[in-house]
Amino acid sequence: MSGASLLTFARGPAFEVALAMLIFGMVWRLVGILALRRSRDYSEGRKTAGWVSGLRVIFSRSWPQAEFRERVLHWDIVSYLFHLGYAVAILGYLPHILLIRNLTGLRWPGLPGGAIAFAAGIAAASLLALLGHRLTSPVLRKLSNFDDYFSWFIAFVPLITGLMAYYNIGDSYQMVLGLHILSGDILFAWLPFGKLMHVILFAFSRGKTGAVYGRRGAAI
Amino acid sequence: MKEETGDETVLDVLERRGLTRRAFLQVCAAVTSALALSPAEAARITQVLASKPRPTVIYLSYQECTGCLESLTRSFSPGIASLIFNDISLAFNDTLQAAAGEAAEEAKDSAMKKAWGKYVLIVDGAVPLAENGAYCTVAGRSAVSDLRHAASGAAAVVAVGTCASFGGLPYAAPNPTGAVPVSEIVRDRPIINVSGCPPIAEVITGVIIYYTTFGLPALDRLHRPMSFYGNSIHDRCYRRPFYDRGMFAKTFDDEGARQGWCLYELGCKGPVTHNACPTMKWNGGTSYPIESGHPCLGCSEPDFWDKGGFYRPLSVPTGHWSRAGVMGAAAAAGVVAGLGAAVAARVRQDRTHKPDAGGDTNQKTPKS
Amino acid sequence: MAKRTVVVDPVTRIEGHLRIQADMDNSGAITQATSSGTMVRGIEIILQGRDPRDAWAFTQRICGVCTLVHGIASVRAVEDALHYPIPRNAEIIRNLMIGAQFVHDHVMHFYHLHALDWVDVVSALKADPAKTSALAQSISSYPRSSPGYFAGVKEKLARFVQSGQLGIFANGYWGNPAYRLPAEANLMAVAHYLDALAWQREVAKLHAIFGGKNPHPNFVVGGAPTAISVGPDQKGAGATAVNMTGLEIVHGVIGEMRRFVDQVYVPDTLAIAGFYKDWFRTGEGIGNFLSYGEFPLKSIADTGSFMMPRGAIVGRDLSHVEEVDLRDPHQVEEFVAHSWYSYSTGKDSGLHPFVGQTNLDYTGPKPPFEILDKTASYSWMKAPRWRGKAMEVGPLARMLVAYAQGDKQARELIGMALKHLDLPPQALFSTMGRTAARTLESKWIADSMEGWYQELMGNIRKGDVRTFNEALWDPGTWPARAEGVGFTEAPRGALAHWVVINDGLIENYQAVVPSTWNGGPRDAAGQEGPYEASLRGLKLAVADQPLEILRTIHSFDPCIACAVHMVDPNGEEMLQVKVV
Amino acid sequence: MSRPDRVIPIHPAPAPPSVVADALMREIAAALSRYAQDGQPHVIDLSAMPLSEDDTQRLDEQLGTGEVAIEIRSLLYTRVEETRYAGVWRVRHEDPDGSMRGEQIEITDIPEIVRASAADIGRSVQRLCADRAEEDA
C-alpha cells in the first residue's frame, strides 16, 4: 500500500470504523455499568451529601496520599508528565483541534509547533520510562497483563509517529502521516475495550468510592 | 526536403540547416541553463549533444483538457524550447505538428517506423477502457489501441499531467468511462510521470530535455523525476514558518490571510504534495497557488480528486459515510450491548446469591 | 468531381476531439455536415455527491484552453444557489481575470490560428522592408515598425525557408490564389505573429497573480482566493501575490494588452478584412444569436448592469432582443436525439439542465470505425436549444446583442469598423463578421480592464480590501436544498452551469458549453447546429486545399492550433489540412 | 505605463546579503591566476546560481566593462563582453524575444563561442569558391 492510499484509508474508512467502535464501546461500557443493580445501603449516612465527597475524591486521589508519597511520588510525577504532555500534544496542536472541530464544532487556539513537539517529546520519554519501570519492578511485572502492554503500545505509537511526521523522519511523509492517523484510529477503536477506558471511568470509580466512604463518614 | 537519418546528432541537424557551431554552443548553453546544471555536467551536455544521436519525440493526447499542452506552450518562445521540440526532437504532435510540416498521420507513422524502438513517447490524458474504448476515439481508433501500438515502439514513455500519470479527473470516482493511467496499459517500458494538473511548463520541458540529453533521470516511487518532485510543497513553502509557529489563516480574507499565514486550516495539501511550485513558481516565476492565497489542491498526487474535498484540512476525516446514521447505530448498539451486559450481570448476581439471602450488604460488585 | 463524404477527424481539440463528416455533391459543395464530439469524460457524473465548493476545480478541467471560464461559471452557480453575495473587489478581480482570458485568447486565436488562413507567409519573402515599414506606420503607431525591424523578420523567415524548414509556418497553402494580401501586408502580419507569441506569455501573468497559475487558476466560492496584502496597516504587506508588486504587474499586463490590441490587433484585422470583403457575405450559419452577458459593473445579481448585455436575437432581427432567463424551464433545453446519451423521459425529449441527465449510452460502432451513421446518434455532445431553436454563441452574438440593444460602445466600435470597411450592418452575419466582432470586443474589454483596475485600486486606497465573504462558507449554514445557475461569457460564447445542491452535496450538475451550442449535433426536429449549418453550401476552390472550410471553422474559434485531418470512407487519406 | 499613486506604503522584504557575489569574485580571481600560470580556461555558469538582485548588482559593479564587446546573431542572440579584467568575459544568451537563456563567466583569452570552428571554415571555403566560380561564369 502506498503512503497516499494508506493516508486516504486512515482518514476515510478506518476513521469511520474507529469512531463507530469508540461510540459503541463507550456507550456499552457506560450503560453496562450504570445499569448494574446498586445494593442498597441500609445504614444511616453520617453525611447526607455523599456526592460532595465523591467530587472531592475525583480530585484528591490525583495526588498520592501522605503515607505513600515518599515511595511513589517520583513515578507519579513521571506519570503526570506523560499525561500533561499527551494532553498538550492532543489538544494544543492545530491539526488535532481541526479534527475535534470537525466532530464537535468546538475549537480553540492552537500552540506553536515547537511547543507541541516539546510536549510530545516529554510524553514519549516519560512513557518509555514508565515502561522501563514496569519491566524492571518485580511487583509491577507480576501485576501486568496483556492489556497493560498493549495499551502502552497503542498510546505510544501515535506519539512516536506524530513526532516522526512533524520532523519529517522516514522517507515518505504520506506514509508516516498515514501511520500516525491510523494509529490514532486504532487508539480510538481500542479505547473503550481496555484499561484506556480509565480516561472516562476514573471519574466514576473515584466518585463512587468517595460517595460511599463519605456517607460512611470515613476521612478521605 | 528534410533528410533524416536515424542517427543524426543535434550538431548535425544544425549544420545541415546551415548554422554554425556557434549556434550549437548557444543551444548547449541554453540547455544547461534550463536544467540548472553544474559546470561539469554542462561540459558533458556539449559532448552528448555533439555525439549522441538525437532522440525522436512523439506526443499523443487522449482524455485530456489540453491544459498540459497549454502549459507547455506557456514556456514556448521562438527560442530554445521550440527549437528543442520542433527542430531537434519532436517528430509528431497533433497540435504542434503543423510546425514539423509533414502530413500528420504519415509523419507519425514514418517517424515511428524510422525510430522504432528508440523514440520517446509523450502522452497526456487518461485512457478509457470501458465500452471497448469508445469514450475516446481518434480518427475512429480507440485511444487504448493507439497507445498500445505507439508504446510498443518506444524506448520510454513520458506521461505528462496527472491524468496520464495517475488517471486524474477521468479516473475520479465513479470513473464513468473506465479511465486508467498510462502505466496501466504500458507495462514493459520505462515510464516517467510528470504529474500536475497541469505540470509547470518548465518542469515539462526540463524533464524532456533532460531525457533527450542524459536519459532516464532519478525517479521517485511514483516514477516522478526526483529533481522536480523530490520535495513537498510544504517543505519549500514560504509560508512554512507560520505553520511552525502555529499561525493559520482561518478564512480567505482574514488578518492571517492578508499576512500570508499558513493555509493548512483552509485545506492546504502542501504537506503531502510533491512538486516544484514553491521554487520554480508559475508563468515565469510570477506566483504559485499558495502565494495567491488558495490552498494547494495536491494536483500532482494520485487520486487528488478523491481525498475528501479541497477545503477539508488534512487531519480531518474524509467522511464519505453518513456520519449521523452510522454513529447513531453504533450508539444504539452500545446501549443494547450495555443493557444486555447489565442484565446478564444481574442474572448472575441473582444466581450466585439466592434471593432469600436478600439484604446481603457484602455483595460484591460483579467482575467487570 | 464525384459525390463523396469526407471525414475530418480530429478537427480540433475543443473539449476533446471534434470530428466532422461532410457530404459533398458533384460540384464539390457541402450538402450536409455532421459534427461529432468523440471524447467524453463524464465530469457531470463524477461531480455527483461532491462538495459544491469543489466543483469549480472539476469543471475547470473541462477545457484547459479557455481555462478559467468553467471555474467562473461553477462558483457563480453555487453562489446563485446559496444566494451568496461576494464583495465588490472579488467581482472586479473576476472581471479582470475573465477580461484577460478574453484578450489573451482572441489575440492568440487571431494570429496563431486564424491569421494564416488569410496571410501567405511565403509571399512575405518578396516584401520590401521599407515599404512594409511605411505600410505599418500608415495604419498604426506600433513602435516596432522600422525598416530594420521588418528586414530582421524577413531575414529570419528566409533562413527558415532556406534551411528547408518553415518551422511553425510549415505546410500552409502558400501560393493558393485565395490569398490576396500584398507581400508587405503578409510580412507585417508575420512580424506580428512572432510578437504575439512573446506577448501571450507575459499577459498570462495576470492570472498567476490572482489565481496562482495559468492554465487552471484557482477560484473560490464566496469571493476571490487571494487576500490583498497592501494597505496602511498591513504589517504583512507583500505576503500574498496581490501586493504592490503584483498589482503593478497586473497594471503592466493591462497596459500591454491595450497597447497590443490598439496598435496591432485592431489595425491588422481591419487591414486584412479590407482585402477579403467577399468573406463578409458567406459562412453565416443560422442567424440566431444568444448572449448571457458578462462583466457585472455592479453585481452579478444585477443583470442589467452588465457591460456586455444579455439577450437573444432570432432570425437576424436586430430590431428586437428577446429576454433570456436561464431558470425558465422552457428556454434552455438539451436534446440527445443524435447524441450518445439516453433520457428516462425518452430519446426525443428535451430537458432543462436543472432536471438534466447524463446517462452515457454509446450506440455507435465499435472502434475502429470508419464512418458514423448520421441518421443515428453520432456525438458525445448534446444539442442545446433556446426556445427550441439552435443558437450561435460567441463574439458575434455578444456584439450583435449589444448593438441591437443600442449599447453606445458596441455601436461606436461596430460603426467605426463598418465605416472603415464601407460595409452595411448585414455584413456582420458572416465568417469575416465573426472575426471582426472578436477583434472589436477585445478592444472593448481591454479598455474596460483599465477602469476595473482603477476601481480596485480606489477601493484599496479607501481601505476596502475585502475579497471574500465568509458568511455562507460553512455548509452548515446552507438550506437543505438549493438550485442555482452560474453563467459567463467564455471567449467562444455563452456558457452556463446548473447545479442542484441537496444536503450540502451536489445532486445534479449540468454544464452547457459554447462548443455544444455551436458544434452540437442535430436535435429531435433535425435542426442543425451552427457548425453544421455554416458549412452547408461551402465550396472548395482547390480540392485538396480546403482553405474555405478552415476560414469558416476558424471564425468560430476552435481554440488552438489544430490539425484538420480528412479521410475518405475507405480510410484512405484524401485531404489533409493543417493549420498553424 | 502610468504608475498608480503611491499612497500605499510598501514594505519591501530585506534583501539577503550578497554572499554569492563575494564567493564568485574569489572563484574568478583564483581561476584567472590559474589561467595565467598554466593556461587552464574556466567557465562559471551563472544561471545555475542563486543570485539575488543585490548579488547581480555587486557582480556588475565589481567586474565592470572592458574594451571588447561582441554580438553573435545566430539561433539565439549572444552578447560577449570583456570585463575590466582582461581575460574575464561575460557571455549572455538571449531568446529573440529578449528573455535570458543562459549566462556564463569565462576565464580565457577568447571565449569558445567566438571562434570560428574548423568545420565552419571548411564549409565557408567551399561556399566562397562556389560563389567566386558563379561570379566568374
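A, B, C and D are the chain letters, set down in written order, and residue numbers restart from 1 in every chain.
Note that in this section a contact is a pair of C-beta atoms (placed from the backbone, for glycine too) under 8 Å apart; a residue touches a chain by one contact, two chains touch by 3 or more.
Just so we're clear, the structure is a prediction, and the values are computed from it rather than from any experiment.
Peer 1: A-B or B-C: which has the larger count of contacting C-beta pairs?
Peer 2: Contact tally favours B-C.
Peer 1: What is the identifier of the chain with the smallest separation between its Cα mean and the overall Cα mean?
Peer 2: Of all chains shown, the one whose C-alpha centroid lies nearest the global centroid is B.
Peer 1: Suppose each chain is reduced to the average of its Cα coordinates; what separation in Å results between chain A and chain B?
Peer 2: Once rounded, the distance between the two centres reads 41 Å.
Peer 1: Calculate how many whole Å lie between the centre of chain A and the centre of chain D, each centre taken as the average of the chain's C-alpha atoms.
Peer 2: 66
Peer 1: Rounded to a whole Å, what is the gap between the Cα centroids of chain B and chain C?
Peer 2: 28
Peer 1: Can you check how far apart chain C and chain D are, centre to centre, with Cα atoms defining each centre and the answer in Å?
Peer 2: Computed value for the inter-centroid distance: 43 Å.
Peer 1: Send over the residues of chain D in touch with two or more other chains.
Peer 2: In chain D, residues 96-97, 99 touch at least two other chains, as defined above.
Peer 1: Could you pull out the residues of chain B that touch at least 2 other chains?
Peer 2: Correct list: 19, 77-78.
Peer 1: Can you pull out the residues of chain A that are in contact with at least two other chains?
Peer 2: If we look for residues of chain A contacting two or more partner chains, we find none.
Peer 1: Inside the complex, what are the residues of chain B that reach chain C?
Peer 2: 1-2, 16-19, 61-71, 74-78, 82, 86-87, 94-106, 128, 131-142, 145, 168-170, 172-177, 179, 197-198, 200, 249, 251-254, 257-261, 277, 281-284, 286-294, 297, 305, 309-311
Peer 1: In the complex of these two chains, what residues of chain B are touching chain A?
Peer 2: Its residues touching chain A are 221-222, 232, 235, 243-246, 248, 264-265, 271-272, 301-303, 306-308, 313-321, 323, 326-327, 329-331, 333-335, 337-339, 341-343, 345-346, 349, 359-361, 363, 365-366, 368.
Peer 1: If you look only at chain A, which of its residues touch chain B in the complex?
Peer 2: Counting only chain A, the residues touching chain B are 2, 4-5, 7-8, 11-13, 15-16, 19-21, 23-37, 39, 41-42, 94-96, 98-99, 102, 110-116, 168, 172-174, 177, 181.
Peer 1: Which of the residues in chain D come into contact with chain B in the complex?
Peer 2: Of all residues in chain D, those touching chain B are 43-45, 47-48, 72, 74-76, 78, 91, 93, 95-97, 99-104, 112-114, 116-117, 119-120, 123.
Peer 1: Can you name the residues of chain C that touch chain B in the complex?
Peer 2: Listed in rising order, the residues of chain C that touch chain B are 9-10, 13, 15-17, 38-43, 45-46, 50-51, 53-54, 57-58, 61-65, 67, 87, 159, 162-168, 170-171, 194, 197-198, 201-202, 204-205, 207-218, 220, 222-229, 231, 234-236, 239-242, 246, 249, 360, 362, 364, 366-370, 380, 465-468, 470, 473, 559-563, 565, 567, 571, 573, 576, 578-580.
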